[in-house]
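In the two assemblies presented below, chain A is common to both, partnered first by chain B and then by chain C.
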Partner chain A sequence: MKIVGVTACTAGIAHTYMAQSALEKAAKADGYQAKIETQGAMGAENELTEDEIANADVVILGVDVSIEGRERFDGKKVYETSVSRCVTEPQKVIEDAINS
Partner chain B sequence: MLISKKLIDMDIKAKDKNEIIDQLSALANADSRLTDLDSFRKAVYDREAEVSTSLGYSVAVPHGKTDAVKEPFVCFAKSVKGVKWNKQLVHLVFMIGVPLQAEGKDYLTILANIARNIMDENFRSNLLQTTDKDQVIKIINDGEQKG
Partner chain C sequence: MKKVLTQFKNHAMTGVSYMIPTVTVGGILFALALAFSGGATVSNPFLANIEAIGSAGMALLVPVLAGYISYSIAGRPGLVPGLILGYMAANPMGPNKVVTGFLGGLLMGFLAGYLSKWVKGWKAPSFIKPLMPIIVIPLVVVLILGLFYIYVVATPLGAMVSGLTAWLKSMSTGSAIMLAVVVGAMISFDMGGPFNKIAYTTGVALIATGDGHLMGMAGVAICVPPIGLGLASLILRSRFTDEERNSGKAAIVMGACGITEGAIPFAAADPLRVIPSIMIGSACGSVVAAIGNASNMAPLGGLLVLPVVTNALWYVLGVIVGVAVVVLLMALLKKPIKTAEVNAKATA
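Take a look at the complex of A and B:
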């Protein structure tokens, strides 16, 4: 199972990165591959490549604000939720995304 | 340096999150990080009112992004007993202040690494165990380099 995602919170200084880390850790614990792009105060980091997006089984958007490049995920299975949920219950978010 | 000994309280006594925000803001002000204590506090309160910055793991990360910040900083506080932060019991508080306009992004990178480290159980338990301010700075700085 390959997961890609984007996290972005309002201020872009803390929760964006906590959510990224939480999702990556939870995915690893479940034996999945995950790469999460952050769109915070520094702009986009850990950017997803076209191939990574093309090969992903599911896209998780943990976003409280509108993001750059959303059209990259057109035609993919996209699961959108809040940044806070990605931090508080990352395992559940992944499970829901896969089953969505 | 984003963090200094003056920005650390190893056993904060407060009855709620507002008291913690007030006390930590006062530390930041005393360390010349702010241009305006009241408007910084207001920015942090406003941010808290949007969504609580306590999202489990016994941690809260209140923050203010405002022109009332002169020098970016991280305040750290520990509550041995724990403080009720909305519905969560919080033992570790990282309060972040950044100016509205980011000049250079080095400190944002450091803050992002601290945020990622907060999700690491060892990082949290090391901070919970130590009683020494130098050690707190070391744990937070070591985390910075790990990325």
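Take a look at the complex of A and C:
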């Protein structure tokens, strides 16, 4: 199972990155591969490549604000939720995303 | 319905998120210029230039807000129409030189976004297609909404905004305590969102008339949520996760710099306990500032503005009281996280 995703919170300095590490850790614990792009106040970091998106089974968007490049995920299975859920219950978010 | 509301909120918060640096740059440079002048007026030419740079930052607050709300709704073609309409809201327009400020920018940002999105969907002949994003969309949107703003929106909304400002100003001489409660609660309610910015921009408008008391109350209220919650996460170790403690340290710094948004991670994780607590904390802090007649002549909250605050001891006391109230309420309301849960989170 390959997961890609984007996280973005309002201030873009703390929660964006907390959600990223929570999701990546939770995915690893479940034996999945995950790469999460952050769109914080510094702009996009850890950017997803076209190949990574093409090979992903599911896309998780943990976003409280609009993000750049949403059209990259057109045609993919996209699961959208809030940043805070990714921080507080990353495992559940991943499970829901896969079953969505 | 819930989805529509979430989308609305996301658009507004996108605007706010891009807007934050204008407030910090503008506010900090303003405060610096005032602090080194030692008074309410800046006379030194170099400091006046610093103040002018700060004003440039503040002048972009509403345009950037409107521009990025519109951008969030319509994508790239929405950005410039939103910026232009936001500029109109921030500057005197029409025969009566109406300024609608933050509220006007918020409204025009949404209208610009939805109209741009609609025009974007028009089926245009192929030779016009390339002209859509650079001529048709901006021109149609700005012309229609610009006229709509000047002839329909500006007068009633401007009257509402100046009425609100006048009402708050009249309260600041009469029932200052009541005003402090309202301002404090508004500042904390959405931590940098529309309610917060209405209270904040009203405070800024009153500074322009030479009255810094409302901004004094707001300045205290602004920094209470991030500092209070940050401190709570460090003191009440059993009630916060390690991640929260990390963002808690950042939140304290943000609070000192007058950025309420630092509190958002905490509120997002546990809104029902956190938001009422910080509203009460900010209100208490503002009341102390009001009792002590603290006045802040810089368009920024937090501790960075202390050099330009009159009755600064009361201002600091307000911050201390507000922060103490938040920490106390967190101690009472937050339940200790179960150890298993903490471990699960640490390894998750």
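Operating definition for what follows: the second predicted complex is superposed on the first by the 100 of 100 C-alpha atoms of A that agree within 3 Å, B and C clash if a C-alpha of one lies under 4 Å from a C-alpha of the other, contacts with A are read in each partner's own complex, and residues count from 1 in each chain.
As a working rule, a contact is a pair of C-beta atoms (placed from the backbone, for glycine too) under 8 Å apart; a residue touches a chain by one contact, two chains touch by 3 or more.
All figures in this text were calculated on a predicted structure; none of them were measured in a lab.
S.K.: Evaluate whether chain B and chain C can sit on chain A together after superposition, giving fit or clash.
M.R.: In the superposition, chain B runs into chain C.
S.K.: Once the structures are superposed on A, label A:A54 by its partner contacts, choosing first (chain B), second (chain C), both or neither.
M.R.: neither
S.K.: Could you look at A:Q20 and tell me whether it touches chain B, chain C, both or neither (first, second, both, neither)?
M.R.: First partner only, chain B.
S.K.: Between chain B and chain C, whom does A:T10 touch in the aligned arrangement: first, second, both, or neither?
M.R.: both
S.K.: Give one of first, second, both or neither to describe whether A:Q91 is in contact with chain B, with chain C, with both, or with none.
M.R.: Only chain C; A:Q91 stays clear of chain B.
S.K.: Between chain B and chain C, whom does A:M1 touch in the aligned arrangement: first, second, both, or neither?
M.R.: neither
S.K.: Of the two partner chains, chain B (first) and chain C (second), which one does A:T38 touch, if any: first, second, both, or neither?
M.R.: In the superposed model, A:T38 contacts chain B only, not chain C.
S.K.: A:S66 contacts which: chain B (first), chain C (second), both, neither?
M.R.: Only chain C; A:S66 stays clear of chain B.
S.K.: Given the superposition on chain A, at which of 39-47, 57-65, 309-317 or 327-335 does chain C overlap chain B?
M.R.: The superposed arrangement places chain C into chain B at 327-335.
S.K.: Residues on chain A in contact with chain B in one complex and with chain C in the other?
M.R.: 10-11, 13-15, 18, 22, 25, 41, 64, 84, 87-88
S.K.: Of all residues in chain B, which touch chain A in the complex?
M.R.: 47, 50-51, 53, 55-56, 61, 63, 65, 94, 96, 98, 102, 105, 108-109, 111-113, 115-120
S.K.: For the complex, give me every residue of chain C touching chain A.
M.R.: My answer: residues 9-11, 13-14, 16-17, 20-21, 71-72, 192, 243, 246-247, 250-251, 254, 259, 261-262, 264-265, 268-269, 347-348.
S.K.: Residue numbers of chain A touching chain B in their complex, please.
M.R.: My answer: residues 10-11, 13-18, 20-22, 25, 38, 40-42, 45, 64, 84, 87-88.
S.K.: Mind pulling up the chain A residues that touch chain C in the complex?
M.R.: Contact set of chain A toward chain C: 9-15, 18, 22, 25-26, 29, 41, 63-66, 82-84, 87-88, 90-91.
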